[in-house]
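Next, two complexes with chain A in common: one pairs it with chain B, the other with chain C.
Moving on, here comes the complex of A and B:
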C-alpha cells in the first residue's frame, strides 16, 4: 500500500507540488492526469526517491521514502519520461546491468531477462544494440528494465508517448496485467483517452494541487450528479425550452443550436421514459433522445483552468 | 556480531568485486576495435620514443673513452626518461578518462535510473573509479616490455620497476579521484574536463616542486640517490618515480619505504575525494556528508598536529628573539604559535558560505533547523554548521598544541589560547554575517556568493593589496588603516598584541551575538508559514 502524505516540493521561488495526499492499494492502476507543468513528474520523482520533498512524505508498505530510501528503491520500478539509455550496450547487457544493481542473483538473471523481454515483446532484439532500436522499442525496453526486480510499485511517467496505436494497446494490456498481478501502478499522462479505460483510479493535478482523486466513475458523478439528456427535435428548439422546463424532474433545459436541447434531469430511468412519452404526447417530433454521459475529458476541462505553473 | 561483520563483508564484496557499474563500462570500453587500435598506437609511440631516447643516450657508449660509469648513468637516464613518459601518460589519460564519467551520465539522465535502484553513492563511485582506473592500469601494464628492456640492459632492477609501477598506479588513482570529484561537481562535461586537468596540473606542480626540491638536496647534498632517506612527499610526483622509488623515511626508528607511506596517503586522498563526490550525489544529511565531515576533522587535526610537531621548536625558541630584535615587543613563543595557527585557519572562509547559508540548491533544500545543535554536528544541516566550524578550529589549535607537546613535552601557555579565542570570535562574527545575508536573500547561490565575496573584500584582499601599494618595506606603524583593521591581533606586528586580541575578541563576540539574533528572528518569521505547513494534519484524498 502506498500512502502519500502532504507531499510538497518547492523550487526557488516556485511551488511545483503543493502538498498532495492520496492512498493506493495493491492492484490499483492510478492515472495521474495534468497539463504540462502541473507537477506530475515532480511528484513521481519524489516518490521514486530521486527528489527530496520540501515537506511531507510517502510510505510504501511501511517504508518511508525519506528515511528508508534503499528499502523503497528495492520495491519500485521507475520509468522516466526520457530513456536514459547507454550507448554501445546490447539489450541483454542493459537489462543485465539493471538486474545486477537490483541484486538479482547471478544465476537467475538469464531467466529474468528472458521473461521480461518476452513480456515486452523484445525477444528478437536481445542481441541488438540499444541505440539501434526504434523509439517504441526503446520505450518498451525501459519498461522491461523496470520489471527485472519484480517491483511492487511501478512509476510510469508518460509511458505511452511515442508509441504507435498497436503498441499503445499492447502497453495498456501489459499494465492491466501488472495490476492483476497485484502491483500498484502509477501512470502519468496528459492524453486522457489513454488513461480512462484501464485505470481504476485517477487523480487530476493542476499547478501542483490534486483537484480530484478516486475511481473514474466516482469523479464523473461527483462532477455531474445529474443525468444530462440530449434531445434532438424537428423544429426550433428554443420554442420548447419553456414547456420542458416546467415538467417534473427537469432541473434545467437549454437550447443548443438549431434543434438540440440539453436537459438536466434528476429522475430515474422510469421517470425518464415517462418524460419521453410526455414529449411525444405534447406533439414534439423527437428525432433522437439519449443520455449524454460525461467522460473524464469533460471533468478534466471543467476542473482545470489551463493556468500554467 | 559475526553476522554483522558477514553482512559488511558481503556488501563490500559487492562494491569492489563484480561491481555492476564497472562491469558495464568494461564491456563498452573493450567493445570493437577502438581500444585495440588505441593500445596499438600507444605502444608504437612509447617504443618509438624509448628507442630515440635510448639511441641518443647510449650512442656515446660506442665512442672510445667512455667509462663504464658513464654508460651506467646513461642507462639510468634512459630508464628515468621512460618512467617520466609513463608519468606523463598517467597524467593525461587518468583525468581524461574519468572527467566525463558522471557528467555524461547526468546529461543522459541515466544517472536517475541508476539511483532509482538500491544503489548507494559509494557503490556507484567505486564502480566508476574501477572502470576508469582499470583502463589507465592496462596502459601501464602494456608498457612493461619497454621498462623490462631497461632492466635487462642494466638501468634499473626489477624491484625499482615494481615500486615505480606501484607509485605510478597510486598517482593514477589520485588523479582519477580528483577527476571523479570534478565530474560530480560540474554541470557540463567541458567544465568537468577543464577542471579535472586543472586539478591534475595543480597537483603535478605542487608535487613536482616538493619532490624535486627534496631530491635535489639528496643528489647534491648527500650524494645519495636511490636507497637513501628522503621526506615521504618525494613519492608524490609522477615525474620522479624513478628516483623516488627506493627512498625511505625513518619513523619511530624504522625505515619505512616512502611508497608505503604514499600508498596510505593516496588512499586517504581518494577517500576524501569520493566522500565529497558522494555527498554531492546523496540527499542532504546523507551518510556521505557525515563521513566527509569526520574525515575533514581528522585530517585537520592530523595535519596541524604534524605542523605543531615540526614547528614547535623553531617558534618557541628561535622566533621570539628574532621577533623582538626586529622591534616587536614582548611576544611570547606561544603567542606566535597562536598567531600562526590563526592564519592557518584562514581557509575556513571557503567553508563559510556553505556553513552559514541555507535555501535551495538545484533539487535540494537547506532549511534552517536551528542555530546551534551539537546533535547536527556532522550531518551538514544548518544547525550543525557552527558546531562544525568550532570543531574545525578546535582540531586546528588542539592539534597544533598537542603536536608540540608530544614533541617537546612543553605545553602552550595561555597566550596561545588567547589567539584561539580571537580566531573563534572572528569566525563566529563572519558566520553570523553569513546567517544574516542568508536570511535577507532568498536564493542560496546568491547568498553564498555574497558571503564569499564580502569576505574576500573585507579580509583577504586588503592585506596583499596594501602590501603591494606600500611596497614590501611596509611600516605598519605609519598606516592608520591597520589600526582599524580587525585582523590586527592576528597579524601580530605590533607590540603587545595580546591585550588587543582580548579586546577585539570581546567586541567581535558582542557584534556576532547581536547579528545572529537579528538574522535568526528574520529567518523564523520567514519560515513560519513553512513550518505551519509541515505540521498540518494530513488527509488522504
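Moving on, here comes the complex of A and C:
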C-alpha cells in the first residue's frame, strides 16, 4: 500500500507541488493527470526517491521514502519520461545489467530476462542492439527494465507519449495486466480520456494541487452533480421549454437547434423515468431520450481552467 | 568498519557488473564496426609492434623502459575508458536510473572504477609479456626493481582513473571531462616539469618530482644500473651513492610513491562520490539544452 502524505516540493521562488495526499492499494492503477508543468514529474520523482521533498513523505508498505530509501528503491520500478538507454549494448545485456544492480541472483537472471521480454513482447529482439529498436520497442524495453526486480510500485511517467495508437493499446493492455498482478501502478499523462478506460483511480493535478482524486465515475459526478438529459422531440423544441421548466426536478431547460432540448435534471433514475412518462403524457412526441454523459475532456478542462483563474 | 566498507563497496557491490559491461563493450559483435572496434584494432597493432621490437632488441632494452612505456600508454588510455563514466550517464540520462536503484553513490563510483581497472588490468597483463622478456634478457635488471616499478605504474594508473571519475562527476559534458583530465595530466606530467626545469639543473630538483611517475621509474632504473656497476651495498641508506644521480636517497624511490598513489586514489574516489551527493538534482549539472537546464 502506498500512502502519500502531504508531499510538497519548493524550488527557489516556485512551489511545484503543494502538499498532496492520497492512498493507493495493490492492484490500483492510478492515472495522474495534469497539463504541462502541473507537477506530475516532480511528484513521481519524489516518490521515486530522486528528489527530496521539502515537506511531507510517502510510505510504501511501511517503508518511508525519506528514512528507508534503499528499501523503497528495491520496491519501485521507475520509468522516466525519457529513455536513458545505453546504446552500445544488446537488449538482453541491458536488462542483465539492471537485474544485476537490483541484486537478482546470477542464476535466475536469464529466466527473469526471458519472462520480462515475453511480457513486453520483445522476445524476438533479445539479441538486437538497443539503438536498433523502434521508439515503441524502446519504450517497452524501458518498461521491461522496470520489471526485472518484480517491483511493488511502478511509476510510469508519460509512458504513452510518442506511441502510435496500436502501441498505445498494447501498452494499456500491459499496464492493466500489471494491475492484475497486484502491483500499484502510477501512470501520468496530459490527457484524461487516454487513461480513463483502464485506470481505476484518477487524480487531477494543476499547479501542484491535487484537485480531484478517486474513481473516474466519482470525479465525473463530482464535477457534474446534475445530470444533463438530451431530449429529441418531433416539432419545435422551443415550444416545450416553458412546460418542461415547470416540472419537478428540472433545474433548467434550453432548446438547442430545431428539435433538441437540453434539460438539467437533479432527480434520481426513478424521477427520470417519471419525467419521461410525463413528457409523453403531455403529448410530446419524444424521439430520443438519453443522458448526456459528461465528456471527460470537458471535465478535465473545467477543472483545470478553474484552477488557473 | 573497514571490513564492512570493503564488503559493501567491493565484495557485495552489485555495480561490479560494470566489469562485465566493459568486457561486453569491447568484445561484442558490433565492436568491429564502431569506434570501440577501431580502438581495439589500433591497440592490437601497437601491441604486436611492441612485441617485435622487444624480441629483436631484448638484450639492450631495460624492463624499466617497458614499464615506462606501459605507464605512458595506459595513462592516456585510462581517461579514454572513463571520461564518460558519470557525465556520459548524465548526458544519456541513464544516470537517474542508477540513482533510483538500491545502490549507494560510493558503490556506483567504486563499480565504475573497478570496471575500468579490470580493463586496464588486462592491458597490464598483456604488457607483462614484453616486460618479462626484457627482464630475463637484460643483464642489469633485478626482479625486485621490476616488481616495484610495476607497482608504481599500476598505482599511478589507479590515480589517473580516480581523477578521471572525479572530473566526470564534476563537469556537465563528458568531452569536457576528457579535456580536463588530459589537460591536467599534461600539466602535471609535462608542462610543470618543463617550467621547473627538470633535466636542466639535474638531480637537485628531484625532490620536487618525488611523485612524478616517470621520474620515479627512471630513478629505479638508475638504481639498478648503480647496483650493477658497484654492487648491492653502494646504494643503500647511509652510503655515499657515488653513481646514483639524485639527491633523494635511492630506497625512497618506489614504495613511498606506491603508497602515496594508493592513498590519493582513495581520496579522489571519496571526493568523487561526495560530489555526487550534492550534485543530485542540481540543475547546473544537467547538460545544456536539457529541458530542466
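Definition applied: the second predicted complex is superposed on the first by the 290 of 309 C-alpha atoms of A that agree within 3 Å, B and C clash if a C-alpha of one lies under 4 Å from a C-alpha of the other, contacts with A are read in each partner's own complex, and residues count from 1 in each chain.
Keep this in mind: a residue touches a chain if its C-beta (ideal position, glycine included) is under 8 Å from a C-beta of that chain, and two chains touch if they have at least 3 such contacts.
Computed from a predicted model, the values in this text were never measured in an experiment.
Peer 1: If chain A is used to align the two complexes, do chain B and chain C fit next to each other or clash?
Peer 2: After superposition on chain A, which the two structures share, chain B runs into chain C.
Peer 1: Looking at the overlay, does A:10 come into contact with chain B only (first), chain C only (second), both, or neither?
Peer 2: In the superposition, A:10 touches chain B alone.
Peer 1: Examine A:97 and indicate which partner it touches, taking first as chain B and second as chain C; both and neither are also allowed.
Peer 2: Once the two structures are laid over each other on A, A:97 reaches both partners.
Peer 1: Check the contacts made with chain A and report whether chain B or chain C touches more of its residues.
Peer 2: The partner with more contacted residues on chain A is B.
Peer 1: I'd like to know which partner A:74 touches here: chain B for first, chain C for second, both or neither.
Peer 2: Touch status of A:74: both partners.
Peer 1: After lining up the shared chain so the two structures overlap, which partner does A:88 touch, if you call chain B first and chain C second: first, second, both or neither?
Peer 2: Both partners, chain B and chain C.
Peer 1: Of the two partner chains, chain B (first) and chain C (second), which one does A:63 touch, if any: first, second, both, or neither?
Peer 2: neither
Peer 1: According to the stated criteria, A:210 is in contact with first (chain B), second (chain C), both, or neither; which is it?
Peer 2: first
Peer 1: If I apply the document's touch criterion, which positions on chain A are contacted by chain B in one structure and by chain C in the other?
Peer 2: Comparing the two interfaces on chain A, one with chain B and one with chain C, the shared residues are 48-52, 70-71, 73-74, 76, 78, 80, 82, 84-89, 93, 97-98, 100-103, 145.
Peer 1: Quick one: which bits of chain C touch chain A in the complex? Just the residue numbers, please.
Peer 2: 14-15, 17, 20-21, 24-25, 28, 30, 34, 36, 92-104, 280-281
Peer 1: List the residues on chain A that touch chain C in their complex, please.
Peer 2: 48-52, 70-71, 73-74, 76, 78, 80, 82-90, 93, 96-98, 100-103, 129, 145
Peer 1: Show me the residue ranges of chain B that touch chain A in the complex, using the header's touch definition.
Peer 2: So the residues of chain B touching chain A come out as 14, 18, 20-21, 23-24, 27-28, 31, 108-120, 123, 283-284, 359-360, 363-365, 367, 442-444, 530, 533-534, 536, 538-541.
Peer 1: Contact residues on chain A for chain B in the complex?
Peer 2: Contact set of chain A toward chain B: 3-6, 8, 10-13, 19-23, 45, 48-52, 54-56, 69-71, 73-74, 76, 78, 80, 82, 84-89, 93, 97-98, 100-103, 145, 149, 203, 210, 213-214.
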